[in-house]
Structure formats: C-alpha cells, structure tokens
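Which chain is which? They are A, B, C and D, in the order written, and residues in each are numbered from 1.
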Amino acid sequence: MESSLGRIFTITSFGESHGPCIGVVVDGCPAGLPLTEQDIQREVDQRRPTGPAATTRAEEEKVEILSGVFDQHTTSAPIGLLIWNRDVDSSEYERIRHLLRPGHADYTAFMKYGGYNDFRGGGRFSGRITATFIMAGAIAKKLLALIGTEVLAHTVEIGGIKARPRDPGDIRKNINTNSLKCADPETAEEMLRMIERVKGEGDSLGGIIEGIALNVPVGLGEPVFDTLEGDLAKAIFAIPAVKGVEFGSGFSAATKKGSENNDPFIVQNGRVITASNNAGGILGGISNGMPVVVRAVVKPTSSIAHSQETINIKTMEGAVLEVRGRHDACIVPRAVPAVEAMMAITLCDFAIRAGLIPKVINGVS
Amino acid sequence: MESSLGRIFTITSFGESHGPCIGVVVDGCPAGLPLTEQDIQREVDQRRPTGPAATTRAEEEKVEILSGVFDQHTTSAPIGLLIWNRDVDSSEYERIRHLLRPGHADYTAFMKYGGYNDFRGGGRFSGRITATFIMAGAIAKKLLALIGTEVLAHTVEIGGIKARPRDPGDIRKNINTNSLKCADPETAEEMLRMIERVKGEGDSLGGIIEGIALNVPVGLGEPVFDTLEGDLAKAIFAIPAVKGVEFGSGFSAATKKGSENNDPFIVQNGRVITASNNAGGILGGISNGMPVVVRAVVKPTSSIAHSQETINIKTMEGAVLEVRGRHDACIVPRAVPAVEAMMAITLCDFAIRAGLIPKVINGVS
Amino acid sequence: MESSLGRIFTITSFGESHGPCIGVVVDGCPAGLPLTEQDIQREVDQRRPTGPAATTRAEEEKVEILSGVFDQHTTSAPIGLLIWNRDVDSSEYERIRHLLRPGHADYTAFMKYGGYNDFRGGGRFSGRITATFIMAGAIAKKLLALIGTEVLAHTVEIGGIKARPRDPGDIRKNINTNSLKCADPETAEEMLRMIERVKGEGDSLGGIIEGIALNVPVGLGEPVFDTLEGDLAKAIFAIPAVKGVEFGSGFSAATKKGSENNDPFIVQNGRVITASNNAGGILGGISNGMPVVVRAVVKPTSSIAHSQETINIKTMEGAVLEVRGRHDACIVPRAVPAVEAMMAITLCDFAIRAGLIPKVINGVS
Amino acid sequence: MESSLGRIFTITSFGESHGPCIGVVVDGCPAGLPLTEQDIQREVDQRRPTGPAATTRAEEEKVEILSGVFDQHTTSAPIGLLIWNRDVDSSEYERIRHLLRPGHADYTAFMKYGGYNDFRGGGRFSGRITATFIMAGAIAKKLLALIGTEVLAHTVEIGGIKARPRDPGDIRKNINTNSLKCADPETAEEMLRMIERVKGEGDSLGGIIEGIALNVPVGLGEPVFDTLEGDLAKAIFAIPAVKGVEFGSGFSAATKKGSENNDPFIVQNGRVITASNNAGGILGGISNGMPVVVRAVVKPTSSIAHSQETINIKTMEGAVLEVRGRHDACIVPRAVPAVEAMMAITLCDFAIRAGLIPKVINGVS
C-alpha cells in the first residue's frame, strides 16, 4: 500500500476500521504553530454521524497527540495523531467473510493481498480512515489560516436533488444547520426525505460535494505533473466512494464555446481577477487567486440492507448477500469534512513549497 | 516546476513550445524490451494535426532516442527521447506578450515565475508538451502489451454532441476513420460540421475523451493514497485543458441508488467478473479485472480568433486581445493520444510495482 | 523534518525522547508475513542498556502493534508500531535549557526551529529514536530471511582498540557474550576496561561498527543515484553520532594499487564469486553476491560529565556546562542494532524493488 | 535504474559512455537566474583530462542548453542539458565483451539487466556520467552563490601520499596550478611522480578528495532521514569508485574522547561559532554555520594495463584479461569537480527546501 501523501507537508495514515486504532503522522509542519488536541478534535467531530443518513456506530473518537508538539506549539518534528477504536463489533463481518460485497474492495483486496487483508468493517478501505485525513487536515487548515486561506466544503447534490447555489458567507453559516452539511437548508429537507424513503427500501444514495478554497494566493501548483487540479484530485480520490472530480465549469465545459468558457481578466482594486470563474481558480495548473472550486461525486453507499446477488470467493459459487451491520444510507455528509481536509492538505503542501508559509512561525531566531 | 511522474516507471518531461526541442527521460523501464525510434514515432504521429479542428503548425516531429537503448533493446538505463522544434514562429507572441490571454496560463505563469516564463506559444504550458507524454506512453504501451493489457482512447463528446457507445472492437477499428478520433463515424460527421461552424465564428469547442484499458490484471493500485483513480486522474490532469476526470458511472452515480450502482459479482469461465461496470474497473482504488473506464473533459480551446476583453499586465489597463497564431478550433482529438499515453504510463508503473512486469524481459540470466 | 525513508518498503518515524512515545509506521510490507509483538520486542531488547558503557535510564520499551497485522500475519496495510515513554526525567534538561551542549543538536535545532524544538533529552535528536529504526528493522529482517539474507553488526573498534577479525559464524555466536556486542570477547574486555577508565574521568569514547549482510542476492541497488552504497550510507547516517561510512576496503583503498584492490572473479560451485572482497560486496552500486560489508564510525558520546565551555543562547554569554543526566559513556554497542536495522531496511527495500521478495507470502490467491 | 536525485531541486541524468550523448534535466531551479552555456561549459571543462594521470580520450564536451532558459535567464521550467559523444571507439569493448573486468560493474550489470546493458566503455557506469552531475552542479553553484555559499573540492591524498592541510584561500588559489587539483603543489609533484611510476607498471592508484562548503547558512538538513551527512554521502556515492565518505574528524573520531571531539561553542562578532570543527559543520544532521567538510575515498582505477585473472561470463571459464582502451591511471583529480558538483546540488536542494533561496530571483512581481 501507499500510505503517504505530499512532498514537503506530508501525511502518513495507518490503522483499520476494526483494529486497535487509526492514526496519522504529519511531517513537514513548520515549527511554532499553536496546536492542541482540541484544535484537532473539533474537526474530527464534524465527521460524527448524525441524522437519518448515518450509521449508529458511535465512536467517541478522542484525538491524542503522540509527538511533535511541545509547550502547545509544533516543534517541526513529525506530529503523531491517534484515535483508539472502541465501539467495534466484527461479528457480522465474520459471518459474511467470503461473500464479496458488491461495490466494496472485498474482491480486489482479497486478490491483491492473498486473502490476508483485514476484512472486518472494510479494514483499511473503510470510510473510517478519513478520520486520519481530517486530523491532518486540521493542522493544514491552521497553517492556511496564517495566510488567510479558508477551505469550505458542502453537499450540493444528493440522489439527483440539487442544492441551489449559495455564496461563501451562506455556506459557512448554513452547513451546520442540517445533518447533510448542505448550504441550502430547504433543499436539505427535501434530500433528507428522499434519504429516509430510500433507506426504508433498504437502499442508499450518493451525491456531490463541492469544495471551495477562498483567498488562495496566486501561484499554488507545480506543473506539468503536480498541477493543482491533479494533486487535489489525487488527494480527493483517496476518500472512499469518490468516482469523479471536476474543477470550475468541469464536465459542462464540453458543451460550451471558448468565448463562453474563457474567464475575462479585469482589474479590481488594483488586483487582477477574472470576471467569471469557469476555471475554478486554476489556470495552467496554478491557482490564479480566484476561489478554487472542486466538485467530487460520491457513489451511493455500497452496503445496502437489500439482498444482493454475489459469489462466495472460497467456493466460487453464487450466494445471496444480506448485509446487516451499521451503515450510512448516504455517506455524502460524512465525506464533506474529508473533502475539506484533502483540499487543505494539498493547498498547504503547495503553499509551503511556494515559500508562502514560513518554516518557523513567530520564531525567536 | 515538477516535471517527473511515477514511482518506479518514471518520466521526466522537458522542453517548451518555441524552444530548441521537447524531450522526456523514461526511467525504470525493464531491460530487454525491443525498442526502435519507429515504435515511438508511430505513436507521436497520432497527435499530428489533421482536419478542420486542427492548427496549421506542421512540425515534422521526428523522434530521436538519446540513450537507454542498445542493439535495439532497452538496457534498463534511462531512455532519453527528443523532438527538435522546427516550424516555430514566435512573432505573434511577441506582439501580444503582455496581454493576458483568457483561459491560458499567461497570468499565473507571469506571477509565479516573476515574468521570466517563456511565453512564446505558451512555453511550458503548450499542448505541444503532450508529445513528450506520448513518447513515454509508447514505451508504456509496449510494456503493457507484454501482459496483454491494451489502452484505447476516443472522443465521445464534442460541443454537446455525444457519440453513441461503441464496443472496444469498434473503437479500435473506427478511431482512425475520422480526424476526430471518434468511434462513431456518423456522429463524427456531425461534430465536424459543428466545429467548422463554430470555427467560422472565430470560436472553439471542447469535449469529452474516454479512455479504456482492456485486460487489466486484478490488483493495480496502491491505496489509500496511490489509488488507481487518483493516480490516473493526476496523470490526466497534466494534459492542458482537462478540467474533470470520472470513472465508470462517474458523476451520474449521484443520481443512482446503491442497488443500481453496485456491480454484482458473477463467475464466468471460472473467473470472477462483475455483471455491470459502474465501478469503471476499480474497487477500493484497485483494478478488479474489468475494463478500466475513465472520462476526461477538455475545455474549449482558449485561443480564439474572436476579440476578447483582457488586461495588459504591464500597464494594468484594459485591452482588447485578438489572437492570430495557429490554433486548433477543437483540441479534443489531439488530446486523445495524450489520454491514452497517461493511462498507459500510470498502469505500467502500477504493474511494475505489483511485480507483474518482470525487471528483465527474456534475459539471458 | 523528513521522517520517511525508502521507496517501496518505507518507514516513517515519529516521537521524541521525553514525549509520550516513540513510534514508526512501516509501509509496503508484503502481505502474509507472520508477525507478532514478540518478533519486534526481541530486536528492541538488543538495544537495552547493559554494562558499564550504558545509561541507567531503564525503559521497559514494550512494543505495541497498532495496525497492519491481522490473525498474526501482515495484511499489506501500514504497520504502526509504538513504544510508550515511561522512565522520563526532564528536570536536568530544564536546568540547562539555554546552554548549548557541545556535539549535540541544541544549537542547530534552536536556530532551525526558532526555539520551538523539544530540547528535553535531545527530543527528536536523541539516540532513543533508533528504537523506531529497530522496530522497523525487525520486520525487514524477517522479510530478508525469506530469501536467506542475514544481517549482522558488531563492534570492531572502541577508543582506538581494534577487535581482531572474526568470521560470520563467530560474530553471530560472540556478539551477545559481552555488553559491547564485540565478536572478539578478549578484546572486548580490554575495551571495557578503557571505557571504565575514561568514564571515571567524566569522559566518553567512540568507535567503529561493522555491518555484514550475508547471502545477499546479486542485483540489489539502483544506480546511478540509488546505489547500494549511497542508500546504505544515507540510512546509517540517520543514526545519531555516525560521522563516516565506508564499504569493503574503504578509506584504505587510497593506499592501494588497482592490482591489489581489484577482486578477481572466479567460479566456485558453478557460481561467480570474487576471490577477495575489497569491494565490500558492491560493484557499480549493485550487490555482487559477496557479503556486503560496511563500517560506520560513531563519535564519542557528546554528553560528558566533564565540565565544558559553552555559551548561553539566550544571553549569548559564555557559560560552563555540567551535564548530569544519565548517559552512555560509549554509545557504540547501543548503535550496533541500529546499524543492523538500517542495513536490513535498505536491503529489504531494494529486494522488493528488484522483485525478489513477493508481494504476498504464501497467499491463497 | 534510479536516475533522479533531490526533492525540490532535482536532477535526472541520462546517457551512456558510448551512446549518442549524455545529458541531465535540472528541475526546481528558481526563475530569473542568469544562465548561459558558458556558465556550464566552464565547470565541465574542469573535468577535462590533463596530465599523466588521465586518459587520452579527448572529448570536446560541448554543452548545449535544451530548455528552461529564455532570454539568458532560467524560467523555472526544467533545464535540459546535453553533451554529444564524439570521440567514441568501442572496438576494444567488443573484444573483451564477455570477460568480467575486476572492479567494474560488468558482472553486476550483466546479472541485473540480463545481459542487455550497454557494456561499451562501461555504459551507464562510466565515470563519464559525472559530466552530467557537473552540468547540474554548475547551476547549483550559481544558486548557492546568491546566498554567499561556495563549494571547493581538492585532492588531499593519492596512493598514500597526503597533502598538507591548506586553508580555503590557498585551496581556491592552488587547485588549478597542477593537474591533480591538489592544493599543496609540492606534494602534488610527489604524487605525480608516484602516478607515473605506477602507471609504468601497468597499475593504478586511488586517493582521497576533500570537499569544503564555505559560508553555509545554519539550518540545512532535514533529520532524521534527510540528514545533511546522509544526503551528501548518498550524492557522493553516485560518483563511480567512491567507497567511503566521512565528515569532520570522521573515522579518526573512533580514537578520540568526547572532551577532545566536542567542538566548544563560542561567540565571535556576535555570531555563534565553534572553536574547532570536528563536526565538519554538521550537528544533528543540520549545518551549524561552520565549513561543511567531507572526505571521499576513490578506489584505484579498476582498468589497469596489467593482465588480470578473470572469467568469461558466457563460458564460465577462467580467462586472462588485458584491458587496452584509454584509461586514467588515477581517476582522483577528475572526480574532484564531481564531488564539488554533488555537494553543490545537495546543499542547493536543502537551501531551497529551507526557503533560503527565493523561488524567483529579482522577479518583476
């Protein structure tokens, strides 16, 4: 496996859904950043399941700092962060051990790892792993805040129901008014009704998450291979169930003319901006100072109560799978903070590479 | 800049649109692969502009092997590949040097590189750079052929006109029957008419390219960070003008239920396959043996004959831009071989990492 | 900081001498390797201080596996390993906080990290960190054992007293007969007497460690930059106090003629070997099948009871330093398992890169 | 093979001794550095064989810039540099193709690359490859000059004859007064006489090169794995024939007491320095502002006129090897600029990582 991401600000994730713990090592963090367990806990708590969309697994998810922080400031040493797994019940997974769950990594993991993978709760492929991204993202967000950059993510579509566009102020204000992290509360009501209905059918729904980075400095991205789009996409694809990523006008650009899709440059308050933002804040793989806008599609939860046709990998015979366990009917809202985290981590790495975040914050030397 | 991609099979690209040459160094290639300049030339020629969609810049684009090949076989040493630039006319770029071309990297490159970037023909940000990807991709394709894996890309949408789905046999057969590399020749006619019309208006079009990898072994991909989706996406985003990447059912998964989107496992001829392929051949970030299906959106060509409002970066005053130069009204068909190349390079790196391609091919030892 | 090492078999170390714990994440380990905490504990216990050379800090150093192991086998997921720090007494370090200890990283860390570094016990620069290398090395050694490769390290010189050469059988047998991990027990007695004497003077000694890898397959190393010498050296220089690394005849090659230093090739039992081993088992940066022989010099322990002239970094005034604390009069024997570990980690990464260790060990697929 | 080195300032080397050319791609160079082919030519010319120690192969070695430079300044795009091979005579190598030359990579390359390696002139293992390091090093030296850092290397020992210590001023002045690049001209005479004598016997000599970096900023190095010692050593081991690397007091530290080897801190002109420099300018893997001092041992040239016992790898039978070709009786002086280059490249990468060299030099933005 490859469990590290980033070039200078790097994260190394470890842990499984039903193992002793999940954790992450964040390296390359500048020295002198004030950091407490509460700073990270606050972000992790965003992922906590609430509302009808969510699982009933109720982990306390208490964050522990293992290293890299001294006198409540980062030291520049690698920061170890850990959450112990407590509320683990693996019995269901033992029961269906050899039945390949459609949509899951059961088959590919079994084949790639010769049957040695920890299958319980999806093991290393569980959505739970995104808590390690969020822990690392909490640090990235604090670093980005030093240069005024803010990352926001919100649910913009579930089961085909689209939220109405909202400006950043409303997004920031509204995402915590509903369990779907949707910035359009009325539409969120409609989405929730649909989730309840589909859940009643033993089924699940997917959706689309939009991430926005505000006040991004011009110049983040290292083309031609470490483009801002490419590295953001790679980071976001690490979130289980994401199957597509687009920037700005994205796939709709296929239906536009150049004259419609090009963003005219204008000067505003002595600063160059673009009149529209079809580029999603990125030109030539480099941030142009406009909001970075990314959308990621999250497929409907693969675990459904519905019985499904599948096979038993041991016997190679057909079988009927009935997953009981505890699952989210719609994983989208819980992936929202993960998108935010992956954006923050990627932008932070680029900002450090570009020399925009100093190596020491308020240092004595 | 970051000009290297890959972990074991790595490519390092260099060169600018109007500099002396473009080139690439391919490292980590197993020894003993038969390789000639013709093998690579054949792939590069796929990118040659033809038809009404394309520029009139007519580079011979003759490939030279600089190193890494001896007695017509790879030696395992880094393979240097080079194309000299010949048909260069930079006069137009001098004229508009300080006018920011909307949709291009002019502004971001100017800011990031302090005005030192080679602006002629887009310099390092030119689509011409993809010829270096295609040279490297030619080697990757030969390596993949050793394990029976084939990569195909084709145009599936231009300016909102969608090609009808075709099976791989037809794709392979039809993509060279028209200048758009579209596997649906009748629809290609329609697309061409639309391109001609839009070109007449001094405008441009974008579209969507689909890449398919056939006979992919189970087990490519290194989650959680080097997922097959993530690394394919990152590689494809290195192609200028790509603004979105999706796999399998992609963004349409947002409108589906789990029971619709999950691909049931079945046994066929003693082999596990899935009855549908909404996953695009990837589960848990790892190939599952089904065709890997990726779609990339290419924005409409930014350079349009149409006059555009912009600013002069030197004077910070408004200006009207009229780009003359030689440009593609629709860059989509010329990006098709680049998508193929980036897929091949990424799959090849994973196949080598997974130990599926030997380090020496038909070695004496 | 940069806390990760390796390309495919990678280790990420974290933790400080006086923080909550030290730990390491080992990634890229093949699936199916039998692994228990005892396997790792056994190696860590080799570092335990014993004899007159050593500190009196008596950490239990109990290893915990946090992830990556299921049913007592590796799963291919990242393996988290941790040792809690227990016997911590930081009072002495508070007292001398601003006095720069000669030979230590106090000054460079203070300057580089702006005074935020955790200075207690040397923080991240402590020899204690090598326990994380040894944990990772324990896994590497088990993997190397699968291909019959064994790594041995032993003390060959302390304070100018040289051990007599011993063959591998004797080294294996003798290194645990004395607290210095010296394969020549009689000379070890002499070294011990010298250490006791120097310790009595409030002073310290350095020495030389030799590492030998036996039954190394031909072909490890990836020139021109990832030479076997270069990567072994880099890994070994991560051990605090190492100031030189040489292979085979090493620095003595400067006094030899080519005809003396060249190792003649001969055939023995149908296998190509060399009649001598001045190359230390490495030609052209690649293992040649002979024993890989490396020697590393360990400087005398910087912490000495002796009073030393130094400065106070706060006041920039001269000061006299008297370090009390608990220190090893000669750190050499405790660095022996670290050298073994770094050799094993490096060789293991190369063996996996060369495809000599399978990705799954005894897999069901 | 692995042909790239560095994290941000990276070099990718390619080419073989008897192939069409040798070249290097330098990536991560800040924009705005004045750079011409002459700047690089000057450094490459330092490697030119002169005097009795050297081969008679007389390559013009004319440097060409392929990319990354525009209007005589770097653009931040990857800089391609190339030297065509002209004076190539491979006949001798064809003759002895299957005779394993002792001390060379013939056997390991044959085994690792299955007989596909380009054996002519050592192919990729030739000392000629160091010209690619020197080209890259020329850029690194210009970047270091911006922060006042200078790198000097010189021959300090040949065949057991040691040069007397010289201060940096004398080194700079004297190294070009003799063909051995020795800062002690009288001893150089003695070394030359010894080389002539040994050459007359059909034999060869090795020696020791010292590299010194002056005015190094405090804080270069990224422990625990990217220590300044470790990365310098790794880079220097890429130079063929180097078999050992030591810093400061190096291997002699094994014979010293802590009180002797520790360098006392003092304040001089308001700056912290050390009274001695046994640490070679590095503490805790980080530069301390004192001169960085490294010594590398170069083994005696493996190619000797002397007849040698060896085997034929095809027949596995004993054979007598008589190498004619054109060889250096002592390669040490020609490796001196390579040591300088590798030091400069490594220090430059660290200086950029530490944010000490700006991303744009005298930028307009």
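The working rule: a residue touches a chain if its C-beta (ideal position, glycine included) is under 8 Å from a C-beta of that chain, and two chains touch if they have at least 3 such contacts.
Given the structure is predicted, the values throughout are model-derived calculations rather than measurements.
Asker: Enter the minimum step count from chain B to chain D; a value of 1 means the two chains touch.
Answerer: The distance in steps between these two chains is 1.
Asker: Enumerate, in label order, the chains that touch chain A and chain D alike.
Answerer: Chains that touch both chain A and chain D, as defined above, are B, C.
Asker: Based on mean C-alpha positions, I'd like to know which chain lies farthest from chain A.
Answerer: If we average the C-alpha coordinates per chain, D ends up farthest from chain A.
Asker: Counting C-beta pairs in contact, does C-D beat B-C or the other way around?
Answerer: C-D
Asker: Between chain C and chain D, what's the gap in Å when you average each chain's C-alpha atoms?
Answerer: 27
Asker: Nearest whole angstrom, what separates the Cα centre of chain A from the Cα centre of chain C?
Answerer: Here chain A and chain C have centroids separated by 38 Å.
Asker: In angstrom, rounded to a whole number, how far apart do the mean CA points of chain B and chain C lie?
Answerer: About 45 Å separates the centre of chain B from that of chain C.
Asker: Going through chain B residue by residue, note those that touch at least 2 other chains and give them in order.
Answerer: Chain B, residues with two or more chain partners: 1-4, 7, 13, 111-112, 124, 354, 359.
Asker: Show me the residue ranges of chain A that touch chain B in the complex, using the header's touch definition.
Answerer: Interface residues on chain A, with respect to chain B: 1-5, 7, 13, 100, 102-105, 107-109, 111-112, 124-125, 129, 157-160, 198, 201, 203-208, 218-219, 221-227, 229-231, 233-238, 240, 242-251, 253-267, 270, 272, 274, 278-280, 283-288, 297-304, 306, 308-311, 313, 316-318, 354.
Asker: Using the touch rule from the top, collect the residues of chain A that touch chain D in their complex.
Answerer: 7-8, 353-355, 358-359
Asker: Which of the residues in chain B end up touching chain D in this complex?
Answerer: 1-4, 10, 12-16, 19-23, 25, 27-28, 31-32, 64-68, 70-71, 73-80, 82, 110-118, 120, 123-124, 359-365
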